[in-house]
Structures are given as structure tokens and as C-alpha cells.
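Below: one structure in C-alpha cells.
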Amino acid sequence: ENKKIALVVKALGIGFFEAANKGAQEAAKELGDVEVIYTGPTSTTAEGQIEVINSLIAQKVDAIAVSANDTDALVPALKKAMDRGIKVISWDSGVAKEGRMMHLNPSSNALIGNMIIKLAADNLPEGGDVAVLSASATATNQNTWIAEMKKVQANYKGINVVATVYGDDLADKSYRETQGLIQSYPNLKAIIAPTSVGIVAAAQAVTDAGKVGQINVTGLGLPSEMAGHVKSGASKSFAIWNPIDLGYSATMIAYDLINGAEAKPGAELKMGRMGTVKLDDNNEGAMADPFVYDAKNVEEFAKIF
Amino acid sequence: MKPAITLEGISKSFPGVRALSDVSLALYPGSVTALIGENGAGKSTLVKILTGIYQPDSGVIRVADEDVTFPTALSAARAGVTAIHQETVLFDELSVAENIFLGHAPRNRFGLIDWKKLNADAQALLQRAGADFDPTIRLRDLGIAKKHLVAIARALSVDAQVVIMDEPTAALSHKEIHELYALIERLKADGKAILFISHKFDEIFRIADRYTVFRDGTLVGEGLIADVSQDDLVRMMVGRAVGSVYPKKAVAIGEPVLAVSGYRHPTEFEDISFELRRGEILGFYGLVGAGRSEFMQSLIGITRPSAGAVRLDGEVLVIRSPAEAIRAGIVYVPEERGRQGAIIGMPIFQNVTLPSLSRTSRSGFLKLANEFALAREYTARLDLRAASLDQDVGTLSGGNQQKVVIAKWLATKPKVIILDEPTKGIDIGSKAAVHAFMSELASQGLSVIMVSSEIPEIMGMSDRVIVMREGRIAGRFDRAELTAEKLVRAAAGIETQVNGRAA
Amino acid sequence: MMAKLLLKNRELLLLAAIAVLVALIALRFPAFVTVANLAGVYNDTSILVILALGQMAVILTRCIDLSMAANLALCGMVAAMLNAAFPGLPIPLIILAAMALGALLGTINGALVWKLDIPPIVVTLGTLTIYRGLIFLLTDGKWINAHEMSDAFKALPRLELAGTPVLSWLSLLMIALMVLVMGRTPLGRAFYAVGGNPHAAVYTGIDVGRTRFFAYCLSGTLAGLSGYLWVSRYAVAYVDIAAGFELDIIAACVIGGISIAGGIGSVPGAVLGALFLGVIKNALPVINISPFAQMAISGTVIIIAVAVNARAERRKGRVILKKAEAV
Amino acid sequence: MADAQISPRNIPDRLEGRGVRLLKSWEALLVVVAAAIFLGNSLASPYFLDPWNLSDATFNFTEKAMIAFAMALVIISGEIDLSVASIIAFASTAMGYAVQLGFDTPALVAIGLGVGLLCGTVNGLLITGLGLPSIVVTIGTMSLFRGLSFIVLGDQAFTGYPESFAWFGQGYVWWVFSFEFALFLLLAVIYGVLLHKTNFGRAVYAIGNNQTAALFSGVRVARVKFTLFLLTGLMAGLASICLTSRLGSTRPSIALGWELEIVTMVVLGGVNILGGSGTIPGVVLAALIMGMVTFGFGLLNVPGIVMSIFIGLLLISVIALPILWQRARRRLAH
């Protein structure tokens, strides 16, 4: 009998998660006795994810690996899943501790927080105003990274974070918020968008405003979606971890747990070709370092994800 | 003489009703044909067939020896048939000119509406109809009479050979009715064929040349007006002779029941004071728009008076809503049956019991058996014709709907009943029934206020009459001293003008 | 005198309100009132303007179109897919295709309302979910991103003619066309007649159902056009674009004085209503009002607008007393 | 029989017996649809016929259905309330705020219901007091109420609800019967009685069919309508308690987009969107149908949006069917 592992994403159709699914399928093929159910709501709501989780519980899947739309709201549903013997992990965007067995961060939050401001600072030797365009105000991972970023802000002399706005991972809203930033802060030098939807919209808005060269858009994005903007110069560089690896690792960890591995502080869980992940006091672990893309390498990766 | 238009063998059915069966009609140029029949006899249906709104199930329409069909209202207009319909068919938000020309507005060479020509043409038409006002103002800013003139201008806007008027005088005052007569004379002189529908016999004998009578959707008689009497027509219409038209019983008038003093409203009426006694029928006469309905509605708490007091059986009453009026024993049978009276979409029995629910129910919970009993009792007293009591009132004929509405108010066991135009648009047979019923109510000790714009009805039924004009009481008359002339004078304000009030 | 004129004319009142709003914003952020910025605000509102024009026609006939945003999304997605699949396809052809599809979707709404007599709100509530669902079926939920669209596809709305982007020009063109249709064609007048008094419209030879049908075709076509504009402007297409936008469109119409009961409203009203929302949306981030307050503010504005319009619409009572009339 | 019809004094109370009326009713059609979906689901997935799974499935609709009952009354009276989902958010925010201040479960429940009532009062005053059209007023308050939650919460979430509070959304009354499902059944009975067995319900129908005539007949129209908006507010408050308790946290985006789902449920239940007719059993059946559709499709891992296509088609076809049926019959009769 095949083991059923459900990969629950924030919403169907987002390129990042499609890529993660690719990785999960790869893991399933490698393992042989695993069936991956790729599912999620149509829009990024917690209620939608709960309905999905309820139906997965009913199907008696063996493990659920979820990238959460809301840290807290999923907890009761996931607790119920664990009560019924289902292994639950979160990945990418985490669930509060009591709602999962472990959380797989794509990278360490501190590293990402540092990375996104460093990308902005590297292109601003003289310093200047930068603004943050986040996803929805409720997105867990974005909020964590921005918090981490603010912690290390002092290390970058002259870099002045003037505002944080929210594009809700909607292209048009992100676009309009960027326009607002450009108007409100005439001296803006960079926009940091730690979200793959926001970074594309921001680059588009900067291009439309004729500010290419004056405002650098950076943050976290997918090479395939950003290739054009890197070429045009709207974005000098951006970072991301490999979402394929992330989906692959989450599946592998879930499989490990199904086979009896225990998730507790200090434990090491197997991630196939990605090695192992060591859990901290919060039962969290980081997969790998983020990787930086710029004009030199973006074309090559655009073909992959 | 050759008819301008001929109908032959026309039949039309609606689900469950055969509205017209095999009727024929010919209209002659330069002559007025009166179409007469009880409510639901099929008159308006015929008009709608003639103007392309309904399609006949069978039969032919012939114009100038040619068979024609009218698939839409526009095609009928093009063939030279135009109508002033029974219902208002105008648009409040559009300008007067546009109301006149909607659907056949003059266009420029790009096919776009030519507003300049439209307004000029409208102005000319209005003048022809005897109205002289700016055609660019919005219709909603006009009074009811002017609106009616717009409807007439609209009918004249198509170059028609056949003009149909479906109860055109129902909403007009004395003066306007006379202007309408003059217009009809002019149309006659122009050689138009006119079809005139009315329930008022004085009108018919005054302006019609020929008559056609329908009963239950069939043709029962036609000929020249000069050859018949009113009684003949009534017999053809109803199928029997109608007895005493105003069956007023002599009733001993008792002590005052309702006393109104100093009622006023900032814009609608003022200084209304009167007393109503037990067993009395008090008539309220006035021209349309004199403010009678407005005042009556303030008595039951629909509009709020700014000052005034009401005493019922000597006790001062403050009425803020119809619910309170009903509880106090004052009920109002409204003028607009369709809008204010019947609740179409609900069964007959629920219509009847709606204001009496507090009596049929127990601590807020419905008791269907009680409801059916109450509804059965009152609908039987009014001789309602229906298939069952849980039938939607909307499926009843107009007269039967009116019976349900009256039953609804009687079921509340009122002390005072106000009937606003209770026989408006009702045929002569039902009219007699309503009048008989009113008499009976009075003889049982109820006090009745009857609002009416028909002089014969007022004179036939009232013990006393109050005349209203422009929101004020313009005269009071006892039955003994009542003459039609006095009523008209008071209603039109002929005496006050002598007193020299600046106008 | 001036005040009286203002109170009588809804459009002027709204224009004044917008002027006051812009002045207030200028107090805190003078740069907002530069010509360039205001032109930018207009450009940003263009799509809403076009959609409001379509919704206006529908509301005038006493109907409502809740499916406009879903229609927009579907047409936008199809335009993007066409472009991605055949990058060589001329852009005007793609626009025509989007408009044709929009018209078709509008036709479906219209036909259901006309031929089956289903209440408009039910029809469009149903097609709202169906149209959006179709996008998902079509794409499997996948996005179409900027790099998959041809440059010409993305460039058109941004192209500047006489210093103003084509997007703005297109919306101005639509306004001009709608002024012509509403004021100078029998169809436009029929919209008013059907909504103002459907019963009477029949007697005037106007086919009520067919007029409503055409109103839906019109709103569908405009939604189709907006679909292309939206997708090319934001350079992305996915299932959820313009989700919830149907209520913004209706709000614009309501603020613009178009009566939800039908028969009352005008093209300038719809345009100004859309602009009012556009100014608020664009100004709030600029004047540093928390983005979180935006929703509450637009809600309050809608309520005030309805209250004001209802006051203006309230018929002046028939005055019977001669004395009162003189006052 | 024919004689009875002619004699005017012998009008029967009812033309058709109870059974015939039931068979011809909308509810009969819904029962058939519901049965078909139940059967389809049981055949399509082996997991469907499991009491615990079915119990889990009820959470997909119970909260929406609570509001749908009150919404049905509002729609029958000829109005609509689009602000319900935003009231959920606002009430939830208020409860979350109260938690931060240290209030305990009973107080939270009172606050949830109180805020619901307050929002209902605002709607009611604007609609019956100022005589504004409900569809636009509630589009406005929909933005306002949720907007207030956004002002209070911004990007934050309220958590830390007391243990005992979790019972409303996660507790079970008996065996597989959750508190929410029990509440749903109880409310169905209460609203069924209110609408079909009381003077108040009769007034609601009268207003929906002809508001002016109802007023002339002594129905206190403004008071009844005001009460209806209070009731939807109260039900939204109640749903907010259940949903907040089930999620264990409050975000301003909670219950986003529910208003249209609730209206869909009501209309699918046979309530005339133009007012005047509809029944509570119909709404109950519609709730069950929608719940079973989402759960059944969920078991097959069909994306939610495909389910909504199905619901959209169901909505239009279920309304169109009787119309087409009547037309076909009329054509045959001719």
C-alpha cells in the first residue's frame, strides 16, 4: 500500500508552489511507495485551507505538509489531524508550534532577513531610503523575515527603511502600493519585496514610472518570473532558495516521520539528496542558504523554475 | 361609410381565463364608438390587441381592406392606431418631450436622436392638446392632470387614424374632462375613428355616436347610441336589470363616535374639523387632488398631522400608525387597491386575516383553523367567488380582489370604516353590491366615511356631505339640502372667488 | 443660487466633493495636485471608469451584473494565453478577441435574464463563480507572468499619445461613445425607459427583455476590453485577478448617483463616481493614512453617498395647500 | 365537486391536500438533488460514509447556515444584508481585543453577540430609519465593519483565547454531534417556527409581497425590518463566536467572501431573491447540499473553485428548471 503524503499550499496556481510540487513528485518517484496529493485552496485564506485539511483527514492520508496562510488559525484542524495519527509538518510558511510536529524553513529566518537588506545595500554604497513591499499583512514568513531584517538594519550604515506596505500577494494591489511608495518618497532608492508576487509587480511599476536605474527592486522572486526585469535593469539582483528542493525536502521529512522518526529538539531528519535537517528548540530546521540571482545567471535558472 | 379598422372573430385566452371569444368590432372615421362592459369583460384586452401589446389567438384585424398583424406596439402605431391606456404608461425620469416621442424619436442623418427637432415637435403637439408648457422639463415635476395631457399628446404624436381611449376620464377633474370632450370633437372633425371606453353613462351619452357591449368576453350588442336608453345598455352589460342603484336605508343616527378637530398638515391640509355619528354615512366630495385621501391617511397614522386632535367615543386618541388605528377601531379601505390594498402573492385567507392576526393567534403563534374560520365568515358575507381560500389573491378578478380587501377590514370589527373611492373602476353590478353592503353596515351601527368623486354616488349614499378643496373644508351639506350644483360650486371654489381672495 | 444649483445637480455635487477631497489632500501633500499626478490618478482609475460605464447601463435597466470582474478575469486570461501561445498575433486582434469573448459572456447573462426570466442577481451570482472557475479549468491555476507576454502586448496601454497613456485615451473614448449611446440612440433611451417603468416600456413598443439583454452585452464587452487592459497593465494573469472588484464597480455607480432601482443615472455620474473612488485609493497611501484604514474610509464614503443621493432623489411632495406652495 | 365550485358560499379552504402540495414544492426538488448528491458521494469515495468524516464535513456549512436562516428572513422581506461576513470579522476582532484585556469565556460570548447586535442596529437604522436601499447600505457597511477590524488589527492577529472558549467551535455535544451542528439544528427549528408559525413570520411574508399594503394593514413594517437586521447581526455574532473558536485566532480577513456564499445558500434554498416567498426547510436542504458538494469534491481532491462552478451551475439550473418545466407544460396543454 502506498503512503499518502499531502502537500498543502497557500493557493493553487502560484509558480513557487508548482515548483515545490515538482520536487515533491521527484521525491515520491525516488521513494517508490509514496503518493503525493498536491492540493490547496483557490485563494490564500485560512478557512479554505481548513476545508482542505478536513477532507485530507477524512481520506486518512499518512502525512500533511502545509505552507500555512495563517499561523494560528490552522492549529485546531491540524491538531485534530495529529490526534487521528496523521504526521503533520509545516514548510515555507509555518504553523504555531502546537499545530505541527516540525517546521521546515527554506533557510534560516535570520539569514533571509539579512540577505534581503544586504541585496539592497550592496547596490547603495552611499546609503539611502528603502521601502518594503510585503505580501498580506497576515503572512507568517514575510513578517518573520522583515522582523529579522530590522534587527540587523543597524549593520548597514545609511540604509533607511522608510515604510512597509502590503500588496496582499495581488498583482494590482502590489502595483498600486508601489506607485504610492514612489510618489510618497521621492528619494526612494530601493524596494525590498520578500514575496514572489510583489517583486514582479513592483518591478513592473518601477518600469512604468520610468524609474529604472533610480530605484532598484530586490527581494525574493522566481528566476522565471524575474528574468525580464533583471534584463531591463529594474532589478539588479534578487534571491530565492530552490522551491523544487523545498518541496522535495518536505516530502522526504514527512516520509521519515511516517517511518517512525521522532521530531524533537536536536533530532536529525532525513531529506534524501538534501542531506539532513537538525531541529532547534522550537522543532524548526532550515533547509539551505538562499541563492542570489543576477544578470549573469538568471537566464539559466529561468528555464528550471 | 367604410370602417377605418375592423376586427373579426377575435379570441384571446390567458391561463385559466377566456378573455375574449369571437368578438368583432368596426370603427368608423369621424365617429365615436363607446365600448361598454362589466369589469373583466375584456375591454382592455381588446385595446391591447389593437395596439400590438397582446397577440390574438385567432381572428383578423383589417385596416383599409388589408389584413394586418401587430407584433409590437410600434407596428400598431405605424399602421395608424394609437391609444391612451387605462394605466399610466409614462416615464417620470424622462423629459416631457421624450415621453411623447419615446420609441419614434426624430433622428438626424447619422441615425442619432435629433433633440432640437424632438423638442420643437413636442411643443407643437402639446399646444394641439391644449397644453402649453415647456417640453424639456422632467415629467416627475408635473401634476397628475398635466401628465395626462402628456399622455394625450403622446397619442397624437403618431399620425393615427384610430384613437383609443381606455377610461381616459378616471383621473381627470371636471374642467379637464370638458377640455377632453372638446379635443374629441376636434378629432372627430378631423375624421379620426375613436374608441371610447368608460363606466360612466353620462359621458357615454354625451359624446358617443355608437356603442358596443361586451359581456364575459363576448359581443352582446351594438348599434347607435340614439337608439338605446341607459337601462337597455345596463341590461345588455349585466344580463339582468339592476335594481335600485343607491339602496340607502333609513337609519336612526346615534351619538357622535368620531370627533376630529383642528387637523392640519404643513403642506397638505388644514383646519379640518367634523363629527361622525353612529349609523351615519358621511360623504367626502371634492375634485381629484383635493387632499381627501391625504387627510384620511393622516387619520390612520400614515402621514403625521402637525396639529389636531381626534376623539373616539369621547376619549382622546393619538394614532401614530395603522396598527394603532386598527386597534382603536378605525379602518381605512384604500383607494389604490393594487398598491395599498391586496397583497398579491399571498393566499386569500392570509390577506383577510392580516390585520386581525392578534385575534386569530395565540400568544404570537398562528392558529390556521381560526384564520380559515374568520376568512370564510367574511368572504361568504361578501359573496366572494373563488376556487379555494388558499388561492393567491392575484388570480382573482379586480372586483373579487376588492371584496377580499373589504373583507379584510370588516374582519377587524371596526367602529369607523373609511372607504376611499370604493367603487372606482368597478362595474355597475359590483357597485350596487358595495353600496348595499355600505347601507347594511350603517344600519348595524357602524359609522362610515365614504370618499368619492362621483356626484351621483355621493348624493345617493350620504347622510351628510363635506366638500374639500385644496386641502380645506369648502362646504358642509345635509342630505336634505344636497344638490349637484352646490357640490360642484363648493368643490370648484366659485363662492370664495366672489369674496376676492388674492390668487 | 450656487448652492441650490449644486444641490439640484448630482453630478455637480459630486464634482465639488471631489474638488474638496483633492484640496484636502493637497493641504497635507501638495504634490498630489500637480497635473502629472492627477493624470496618473486618472490613468490608474481608467479601468474602473470603463467598467462603471458598463455596470451603469445594466443598473439603469433595473438589473445588476455581479459577474463583471469574473468576466474581466476570464477575458484577460484568454488574451494573455493567446499572446503567450502566439506571440506574433497583432495586438488589436487580441483586443477584439477579448471584447468578443466578453460580449459572449455578457450575452449568456443577458439571455438567461431575458429568455428564462431568472432574477439578474441570481444569474450573475451564478455566472460569477462559473466564469472564474472556467479560468481555473483553462489554466489549471497557473499564472501567466510578464516574461511570457510579448513586449507589444504589455506596451500598448502604456504607450503615450500627446503625453497621455493609451489607457487613459481608451477610457476617454469609451466615455465619449457611451455619452453618444445613452443620449443619442434609441437603445440608450430605452435603458432609461426600461428601468424607470418597465411596465410602461412595453406599451411604448420597447422589448424590456431585449433591452436588458443588450445592456448585458454592453457590460460584457466593456469587461472584455478591461480584461485585456488589466492583464497588460499589471503584466500578469491568474485566476484571482480583480477578485471582489465587482463591488467596487457597483460602489462607483452608487456614488455616481445611479439609482439601484433603475432609470436614474448618467454617464458623467458613473465617471465621477469611479474617479471619487480612484482619488481616495490613490491618495490614502500618499498622505500616509494607514493602509488598514482604507477599507473603513471607502465604506463610510459609500454610506454617505447613498444617503446624499437618496435625499436628492426624494420626490418633492405634492403640495395641495396653495399657501404652502407659495413659500 | 363541480357544484362546490359554483356555489359561492362553499369555498373550500384548500384546493389540494397536504401531500400533493409537498410533492409539488421546491423542497421536494431539493430533496431529490440532495439524495442524488449523497448517493454520488458514497459511490465516488469510500471515505464518505464514515460518521466522523460526515461530522467533520458539517463544519463546512454550519456557521454559514446559521446566518443563512436570518438572511432568508431578510430576503423574504425584500431586503438583503451583504455585511454579514464583515460583522463576523468585526465581532471576532472585538472578542480578540477583550481577550487581551483579560476577559473570560462568558464575557467573550456576550461581546461577540453584542457586537453583532450593534452592527445589526447600524444597518437597521440606516435602512429603516433613513429609508436607504439595503443592498448599497450593506455594501457600505461591509467595507466599514471589516475596515474597522483592519484598523484595530492591521497585520496582527489576536490569539490566546481561553481553553473553555474552544468548545463552541471544536466541542461535541454527543458522539459525533458537534456543538455547531447541534446549534444548526436548534436554529433551524427556531427559525422554522418563527417564520412559518408566528404572526411575525406572517408579517415578513406580507412585507415582502407588498410593503405598502402591509403597512396599511397594520403591520409595523419598519419595526419588523429593523428586527430582521438585528437578527442577521446577532446570527453573524453567533457565527463569529463559533468560527473564532474553531480557528482559535482572529485576523481581519476572517470569513472573507462569505456573504455571497450565504446568499447563494438562501437562493438555492428556494427563497425568492425579490422577496415574498421561501421556506426554512428549503434553506436547511440547501445548506446540506452545499456542504455535501464541497466535502464530496474535497475527498476527491477537486479544487475548491471547481466546486464553486458546480454550485453556480446548480444555482442557475435549479432556478431555471421549474420555469422551463412550467413552459413545457403550458406548451403541451395548448
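Labels for the chains are A, B, C and D, by order of writing; each one numbers its residues from 1.
By our rule, a contact is a pair of C-beta atoms (placed from the backbone, for glycine too) under 8 Å apart; a residue touches a chain by one contact, two chains touch by 3 or more.
Keep in mind the model is a prediction, meaning the values are calculated, not measured.
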Subject >> From chain B, the most remote chain by mean C-alpha position >> reply: A
Original post:
By number of C-beta pairs in contact, which chain pair leads?
Top reply: C-D
Original post:
Which integer distance in Å separates the CA centroid of chain A from that of chain D?
Top reply: 37
Original post:
Measuring from the mean C-alpha position of chain C to the mean C-alpha position of chain D, what distance in angstrom results?
Top reply: 30
Subject >> Centre-of-Cα separation between chain C and chain B, whole angstrom >> reply: 43
**OP:** For chain C, write out the residues touching at least two other chains, lowest number first.
**Re:** 136, 141, 239, 292
Subject >> chain A residues counted as touching two or more neighbouring chains >> reply: 12, 42, 137, 166
Original post:
Can you list the chain D residues in contact with two or more other chains?
Top reply: 154-155, 252, 257, 303, 305, 308
Subject >> Pairs of chains, among all present, that meet the touch criterion >> reply: A-C, A-D, B-C, B-D, C-D
Subject >> chain D to chain C touching residues, read off their complex >> reply: 126, 130-133, 135-137, 139-148, 150-151, 153-155, 252, 257, 260, 263-264, 267, 272-274, 303, 305-306, 308-309, 311-313, 315-316, 319-320, 323-324
**OP:** Using the touch rule from the top, collect the residues of chain C that touch chain A in their complex.
**Re:** 29, 31-32, 37, 40, 44, 136, 139-143, 145-147, 158, 230, 233-236, 238-243, 281-282, 285-286, 288, 291-292
Subject >> Complex contact set, residues of chain C against chain D >> reply: 66, 112, 116-119, 121-123, 125-130, 132-134, 136-137, 141, 239, 244, 247, 250-251, 254, 260-261, 290, 292-303, 306-307, 310
Original post:
Where on chain B does chain C make contact in their complex?
Top reply: 51-53, 72-75, 77, 85, 87-94, 98, 102-103, 105, 111-113, 115, 140, 143, 266-270, 289-291, 294, 470-472, 503
**OP:** Sort out for me which residues of chain D touch chain B in the complex.
**Re:** 5, 8-9, 11-15, 197-202, 205-206, 208-210, 212-220, 276-277, 330
